[in-house]
Each structure stands twice: as C-alpha cells, then as structure tokens.
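Order of writing sets the labels: A, B and C. Residues in every chain begin at 1.
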C-alpha cells in the first residue's frame, strides 16, 4: 500500500474537519477525491502533505509512519487552484527550481526540464516570465514543476478550476497520462463528478469530512455503497423517490404502487429509490416498469441535449435526454425509468443489491 | 497513543523563546515590581513597604495632572490623525506612477529617528529663526512654544500628526486596495452616493486595518517620550509633561525609585486596559 | 426593459491604436431584442468582458454607438443607463441585512417605503429568501450572496438590461443546477433583457435563446444553441461548442466532393467547388459518427468511459478523431468502420463554412 490513513481524524477548535477515517490509496495510480466544497478534500490533502498534523491517528507512506515528518522532508509535489509560480523567474527557471534544490548540475537538469516542458507544450515559452503567460500556460508551468521533481506523491488541489472550459478539457485529458509513467501516487481533488469520470483511475467520494467510498472510479459511479456517495457522484443531481415495501409491492407518494422485479426479495420497510437523470426517459422503449407523470418547471437546452427539470410530488427531478426538446413550463410529461437502472437504498441509506 | 507523545515533544522547542522572553521582558518587569513594593537607599538595602508607593502615586496630584495631560493628548491626536489618515488614503491615486510617489512621500516621516523629529520641529518652530515660528509671528500671532502653553500644545500635536498620520494612511490604503473593483461598479449601478460607498463598502472593508491603526496609535501616543522631550522638555512649566516624561523625572531626576516603579506599573496597566477595552469593542462589532 | 443595438462598435485600450491587433474589440454590429436571454461565449481574452463593460458604461468605446431602444447611451455613465449587473464574485453590503441589501437601490431612488417593502418582499419570495431577510448579509453562503446581487437588480422597475459576468464561478456544481434553473424561471417571470457572459458553454447554451460566440475580439457566430451545435459557421465554434468538440479533419476536394484519408465523403446539398488555394477541412461532431459494418476503417486508440456515455478515440490515416457511443453500443476491441452522417458533415474553407448555393 502506498498511502494509508489509520484511524485518522482532524478537529480544529472542536469542529470536525475530518471524521475518523481509515483509507488506503493505491500506489502509483491516479486517485480522485470527489466532493462538494467544504467536504474536507483540502483538509485531507493537507494531512497527506504533512502541512497539518492529525488530531488522532497516523499517516503511512510506503509502509512507514510519516505522521510527524514535516513537508520539507517528504518527497511530494503540490499544485493549487491558484497559479503559483516564482514571478521573477523564467519558465525554464521555474521548472528547474526543484532540481536546483536537489543540487543537480546544469547539464544534468537541462534535459529533464526540456523533456517536461515538451510534454506540457511549454517549449516556446521557456524564456518568458509567468506574468507574460496565459492562465493555462501558468498552470502548465506549475504542473511541470511538480512533474520534474519526480515526487512519490503528487497532490493536485482543483488545479483546473480557474481555467477556461476548453483549456480545462484539454488539460484534463493530458493530466492522468502525464503522471502515468512516473510511478507517482497522484491525488486529484475536484467538485465535479464529470471530471472524476474523465480522469478514470480510482475515486474516493467525500461528504461532510468523511470518505464515503473508495474504489475504481466506474465502480463507485455504478455501484455507490450509500446514498451520500450516489449524491456526491451525480451531476445533474440524483433523482430520488421515497418508497415503502409492503406485502404486495412498493408504494410511494401520490398513491404510487409498483413492482421492482430486481428488488422483490427485500424485506418490508422504508426505502429510497435513486435514478440518474440520464436514466429518466420521456420516451418509452417498452421495457420500463416504472411510469410516472411529472410537471415541467424549466427546460435547459445545450443544442444537442436537453435537461428537463420536473416536479413530481414534492421532488425536483432532472431528465437528461439527447436531442432538443422544447417543453413549456407546466406541461405534464410521462416519465419512464428502467428498474435495472435504479439504485435502491434502505432506511440506513445503504445500497440494496439487486437480486439478479 | 504513540503519536500523542511525539507531538507533545515539540513543546520543548518553545523553551529557547521562553528563555528569551523571560530575559528581556519578565525579569526587568519583576525588578520593577520588586522596587515598587520596597524602599531602598542604595547599598542593596531594601525595606518592605507594601502598597505604600502605589497609594502615594494614586493620590498625588502630580500624577493626576500628568495622566490628564496624557489622555487629552492621546484623544487629540487620535481625533485628528485617524480621520485625516482615512481622508488622505481615500484621495490617494489607485494606479500609475502617482502611487509610488505618494507611498514614498507618506513613508518618509516614519523613517526619521524620533529624536531628529523633535530637533527638526524645535528648529522649525523657533519664533525668531524657525520657518514656522517666524511665519506665524509674521501673520500676527504671538507664537512662542517655549513660553505659551497653548502654542506648546499646538506644536507638540502638530508634530505628532506630521510624524504619525502616514502610518494610518498606509494601513488604510492597503485596506482600500484590497476591495475588488466589482464593489465600486455594483454600488454605481445601485445609485449609491460617494458617502454611501464610503459608509457601506470602504469603511466596513477597512475596519480591520483601522482597528490595528487605532490600537497602534493609542499605545504609541501613550508612550510618547522622545519628541516632546526634545521639543519642549515638558514645558513651559509642566504643561507638556506627559506620563513618560514625568516618570523619567521622578526616576532619574529625583531618584525616587519606589514611586517611579509603582508609577511604571500603573502606567503599564492603564495602557493595557485601554487597549483591551478598545479591542473588545471593535471585535464585538465585528462578530455582530 | 429595452432592446440593445451595437453599431460599428470598436474598442482599444491603447491611446493610438495602429493596427487591427491593437483592438480588444474589432467592429461589432449587433441587435438584441427586448426581453430576450442572450449569452456572450468565448475563451478568456476574446473581448467578451470588454463588450460587457462597454454596455454597462464602465468603459467608453473608441468608436461606434450603443443604443438602448432608440436612445444613444454611448456617453452616459453606468448609473444613468439603468442596468443591473451580477459579478463573478458576489457583491453584498456586508454590514446590512438581506432586506436592506435588496432595498438599497430603491432607497437610493427615493421610492416610498410602502412600495419598497412590497417589492423587496416579492423579490425575496422569488429568490426563496423570505426567511433570511433579517440575517446579516456577511454570514451567507456564496450562492445566497449571489442571489442577493441578482435581487438588487430584480427589485428595480427601471432596468433596461440585466448583465451577468460569469456569475456561477464560485458556486458548487450541484448548486449551479439549482441557481441556473431558478434564473431561467425568473427570466420567464420578469421578462428583463438579460446578457450572460461566460466561457462555460453549458451555462451559455442552457441559459440563452441566442448565443454570441466571440473569438479574438470578433463575433464568429450568433445563433440558437441548436444552430451552434448543428451548423457551426466557423471551425472555432465547432471546436468550442460541444464536449468534446467537433472533429476538424483535413480533406481534399475531388470532382465535386470531399475526400478524407482517401475516402469519398457523402455530403448533403450541391456544393460549389471551393477556391483551390484555400485550406479545406471537414467538420463532423462525435455524435454524428456511427459505428458501422462497412465504411471508413479506423483503429481504436482508447475508450473513455464517462459513465453516461463513452468517447472512442480512433485513428484514421494518421488523423485522430472522437466518436460518441452511448451506454448500449457494443464497441469492438481494436478496429471498426465509421459512417459519417451526411446531414451533419460540413466543409470548411479557411475556417469558414462552405455552403451550397441558395442556402443561407
């Protein structure tokens, strides 16, 4: 194991920033920390870096307890939201700076700096100062510095958030590949589920100072262990519906009564049914069991897709469909969900596995 | 837990600092406390006097007068320097070469040694040859700061304002610069007057730095010694003898170490109390 | 409320602009109708913020005119233009309550207290902030502060245009959805002319009836989200809109048709022969490439699973392209054949779309 937390927690003035956490991040892979603002991503990163000390528990790296070791003595690199470079140094000197600290000679460091600059497409700008670069290039320089250092642990704290949409798309695609060959353990914090999916690798979802699940990104997305994880990993937000399991089937608000074949064996009790916006269909394909009638509140159209915001009983839902659909507010729509796409959570908000 | 002990060890790192603080703050302070409750006639002979010196100082008219003068002086310079400083900060340019020029000009008085400030103003204000003194007399005032109490006060206050307003300006300017442009644009759009912009945007955003400026000026003005000492020597008569000047007169002039020590402690406690009151008031405002 | 017309608007931050490059904004002619929802979309440095500041009056244009309805406001200061604006970072008056924040613009306009109260209450209700009116503004979340900035515009009856400068930058993704749909509902309710400036295509496309795409100080296309998606007039628009953007592929012209990597590409409409000197490109969106049993052979480089769909990165004759595949599609392991939808395959000449005669 590469990076382990054992019974780790962090309180500041009695306020819980990180609830007790046991977590082992896989070595040499791209790990995403996904959660909304203030869910503890940055706090956890600071503990990983050794910038903060945990209140209880310990941090282990490559089998060694590194809890008390200051950040200077750990071989790690960090990139932040803000574009942080040495303002009075050229791009070349910026990238070379970690190597100069390692006391590498000019002939040793030059090829390494040039190679990294090439990878990050900075070669034409080597003699410029950071202030003469665009935001994207500034962040590339910061990333190059992290990359050239050859750190064992690379912490990226929402590095793309201050960049333009298209630049973000471009760097998002490059990032996992950049670090793939270095053998470094990378941790990437983000608030956007879409970004986590694009990054691939492993994802740890966070909510209110707690890691709710950790695993291969697509597994966490498709099989969230609990409702909190499903919510943290859904954009647009997860649609939910309260159900009660009775002898006959499932019952819900507005006299809803239905059968959910994969879940017919669950015991009597209260449940929450979750389904993602792209699984909420407005056209039947003949296979759905769940049929509802919702009222349109607003329709958002991107040119290729439509986000139809709906109201059903007291719930706000979103249906994410392909194609351009103009629906006036107040229009009633028939809605379809395939039970096989549903996530069922029990009254403890834990996932109930389908009986296939 | 193992980690707990590792963490606790770090406290030992504080020891050198503690020793240093003890050496340069606590030990001298204890000496003063020591003197303040005893009588000494030299030869390292001490007699226990209890709170006698404190009672004496607290009852003495001389102390009351010095304290009164001190409070008046502090009040005056705060009333002038803070609004003036805020005003200048508001009119300073926000960009261009003017910024550098203004900042350098503002910083100049702060860089001059305190005794030089006193000497400068002494020469500047001399009624017969000083520029200021000669001018004031020229326009018909009977200006003489060494003989007239009013003019002595006016000169001391003017000197302090000249010397220290820059500090308030620089702090406020830093506070103003941190306000994003969007605030000004939004207030324009909302139809706010410049007074409203000041009252609802600039002042709230300056509050923190203004608190610091006020506290600094309060403490500094209470401890003012060098400049008035060089300028007026506490005169005419005792009219500009502030607490610190009085203290030195008692301690070194008359060598009454006991009362001087008691006075120092009272002086220290008064400054501490004032700061605490002001700080709490400001912070309470902040949290509400 | 009013319509907005920009006439030959140009702006340079330099005193004496020499060349076209010195202009941050190069000649804009545009009309926005009354009561519409518009977006200005482009990467940073494209001039969209400059344009916004010209309309709000924070900047004076070097040349040209700005009309609100028929009156020329080019030389009016911001406070006389009757605009409202929401900024990137929330602007609230920290020392005031939510109520006083909302009432502030009305008090400055000397509105009678009774009418003021009625309006503030109504807007608070629209924003679902009725219960927070007595709270101090400084303690609110970023999203609530941004709602107040919006509310200070909504309370006024004299607003000609309401402008948004990347208002969701500091808002969490799940709240973005809420605020965005709330904003659209508000637009339908109050009918203000609204201009939304952003670099985020999703925000621009979902908000606006009509999007203005800007690039290097120029407007490259004005259109509905659908038009921008289906028929980008410039390769930049094709690339910028959509995620991933349009595949822009090098092609040749041969005998009245486009040839890509040695394959004849079927196109719709009768296209004239483009000038032989111009650079020819083929544009097709990942969504309009189908996996087929025959067609253009391609080799799969990588498949990215984005949960809801997958993006296949494939290579054809040294050119790589993206293909969209939804959850159901079976993807072969290494090689496949591609079929371009002729309705949505466009030819670009020197970056601009090449169209059939008689079509606009």
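Note that contacts are C-beta pairs under 8 Å (C-beta built on N, C-alpha and C of every residue); 3 or more make two chains touch, one makes a residue touch a chain.
Being a predicted model, the structure only gives us computed values, none of them experimental.
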Chain whose mean Cα position lies farthest from chain A: B
Top-ranked pair of chains - ranking by C-beta pairs in contact: A-C
Chain centre separation (chain A, chain C; CA means) in Å: 26
Centre-to-centre distance between chain C and chain B (centres being mean Cα positions), rounded to whole Å: 56
Mean-CA-position distance for chain B and chain A (Å): 53
Of all residues in chain A, the ones touching two or more other chains: none
Contacting residues of chain B [partner chain C, same complex]: 180, 182-183, 185-186, 188-193, 196, 200-201, 204-205, 288
Chain B contact footprint on chain C (complex, rising order): 56, 58, 77-79, 83-85, 87-89, 91, 93-96, 104-105, 108-109, 136, 149, 152
Sites on chain A touched by chain C in the complex: 36-37, 134-135, 164-167, 169, 191-194, 197-198, 200, 218, 221-222, 231, 235-237, 276, 278, 297-298, 300-304, 307, 309, 318, 320, 322, 324, 329
Residues of chain C defined as touching chain A within the complex: 43-45, 172-174, 177, 180-181, 184-185, 188, 199-202, 205-207, 224-230, 239-245, 285, 287, 304-308, 326
